[in-house]
Amino acid sequence: MISNFIFPDILLYLLDMVGVIACAIAGTLLAQHKGFDIAGCILVSMVNAIGGGTLRDMALDRHPLFWMTDLNYVIVITVTSLILQIFFHLYHKIDKALKFFDAIGLAAFSVIGFKVALAQDVSPVIAVMMGVWTAIIGGLLRDIICNEIPLLLQREIYITASIAGSVTYLVLDYWGVDAITNEFMMLFIIFAVRMLALKFDWHLPSIRLVD
Amino acid sequence: MISNFIFPDILLYLLDMVGVIACAIAGTLLAQHKGFDIAGCILVSMVNAIGGGTLRDMALDRHPLFWMTDLNYVIVITVTSLILQIFFHLYHKIDKALKFFDAIGLAAFSVIGFKVALAQDVSPVIAVMMGVWTAIIGGLLRDIICNEIPLLLQREIYITASIAGSVTYLVLDYWGVDAITNEFMMLFIIFAVRMLALKFDWHLPSIRLVD
Amino acid sequence: MISNFIFPDILLYLLDMVGVIACAIAGTLLAQHKGFDIAGCILVSMVNAIGGGTLRDMALDRHPLFWMTDLNYVIVITVTSLILQIFFHLYHKIDKALKFFDAIGLAAFSVIGFKVALAQDVSPVIAVMMGVWTAIIGGLLRDIICNEIPLLLQREIYITASIAGSVTYLVLDYWGVDAITNEFMMLFIIFAVRMLALKFDWHLPSIRLVD
């Protein structure tokens, strides 16, 4: 039965913030690349970091939105974006680290979105979708604002990693694994799938190429 | 007086599913064309098929969203998109059929959006807008994600067909026509206007060209 | 303490309508430029004029949305867009006036978004964000639909003007200035900063250029 998540919430919160910082960095980098000004870069980094959770909360009718009651999100994003803009010339040194932090964010965002949806008593299928949604919508909106074709739809194991983690959770939960262990498993699997995909250049096929 | 829609709801539901399938096909085709992978194609087809209704429900504060309580939507879209991706090489054979099904979808989506809005006690003008909204936002979002200029804003009798149907409904309702007949009329008019526009290549002028 | 906005609401409503008209004009002009048809131009002008307030109300869970209970918005936008489309050849004569009206709109939209958010008991930081949000999201959505890179993120003192006004309000409020005076001040400062930025070609730096 899916219920009663008990989890070291502090850890999840910290991983969430790591994801927020990674998204803020990714948003600022793309915005800088597009020649946006200071305010524009901060705005894009906010969209990237909290856009997914915002739309999830709106879809699930959870009000007030999570970042309205916890100002840490807005503060962390703004500070991250400003620091990065000042030290933009160090960009090439952070690219690799960014992918690492981004994978942490993908895992944390997926778990949070999945948990939040289950707590609203939606069906497991919808909860899996909400995990994906929370994890990817921010990056999608960033690319849309910057007038780019979303990379994550093209060649990245991103959605797949999130789904793999959620499905594992559901299966283990069905087998009676306790919630804490299970949530750690979910975090780990999403992170691992994503990092392995980056390392070995895995990507989903575009089926069109097959025929 | 506008009230008490009584309608063979089963028929409307079936037409809705036809529209969902048409949208899932259209979304998958464009996503394939853009080189998106399997997950990306499914995501775009979901946005195309349920994006309009999702934003309508969020605007009207109807929760839970329609596809959260009826998993058929998610299942039908995913299966449609997967089948199409596997048989993509048959694409050229479905183009004509797609336009037919898409017109059914336009009619069904418009009627549903219009009815849902009236049931929330909004003014008739807003209900007409919500019919249009439900019918077009999905396609708009699809084009935005795929970084295309939305075709439907350029040269298609699409919004106009939806408005024509809604206004007919309102007029006939004022004249005392019963709801069932009226709803059939609305479905038929939208479908007919759209098909005739395709057949005779009607399109709204861009007034700019006049002067 | 931030509370009890008492303001000549009529004036604010009129300024709001000025902003709505300016946005409807800006949306129609861009849509015409893109070759959209009559319905497409009206749709883009609606998105531009009421898109920001719509998303603000959805984020703050204020229902029904403001334009659902006051049809003036939809009517004013539609009429404005149609008139402009008919007299599009006069475009070059309205460009300068547009910037003036747009600055009024920026001020009015910011004040309204800021007030609405405060009335929902959010923190001041979030209220400042909601002022910005109301003022810019419409234009952002317009550019996204028209497949343009949002200008306002690149080189305009726009977000900054809105923030300057909100922060002034908060500071003066803390110092005990009464709400009416304060709201006039906020309107004036946003308008003045925007007009001065246009006149003297101020823009925020893109920090990247510094290093």
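Letters A, B and C name the chains as they come in the text, with residue numbers starting at 1 for each one.
Following the convention adopted for this analysis, a residue touches a chain if its C-beta (ideal position, glycine included) is under 8 Å from a C-beta of that chain, and two chains touch if they have at least 3 such contacts.
Computed from a prediction, not measured in an experiment: that's the story for all the values here.
Chemist: Subunit A and subunit C share one sequence, so how far apart are they rotationally when you fit their Cα atoms? Give it in degrees, rounded to a multiple of 5.
Modeler: 120
Chemist: Report same or different for the subunit B and subunit C interface, where same means the shared residue numbers exceed half of all residue numbers found there.
Modeler: different
Chemist: Distance-wise, how many Å sit between the C-alpha centres of subunit B and subunit C, to the nearest whole number?
Modeler: Once rounded, the distance between the two centres reads 30 Å.
Chemist: By the touch rule stated above, which residues of subunit B touch at least two different other chains?
Modeler: Correct list: 58, 61, 144, 147.
Chemist: Within their complex, state which residues of subunit C touch subunit A.
Modeler: 58-61, 120, 122-123, 125-126, 129, 136, 140, 144, 147-150, 152-155, 158-160, 163, 203-208, 211
Chemist: Sort out for me which residues of subunit B touch subunit A in the complex.
Modeler: Contacts found on subunit B: 31-32, 34-41, 43-44, 54, 58, 61, 63-65, 67-68, 71, 74, 85-86, 88-89, 144-147.
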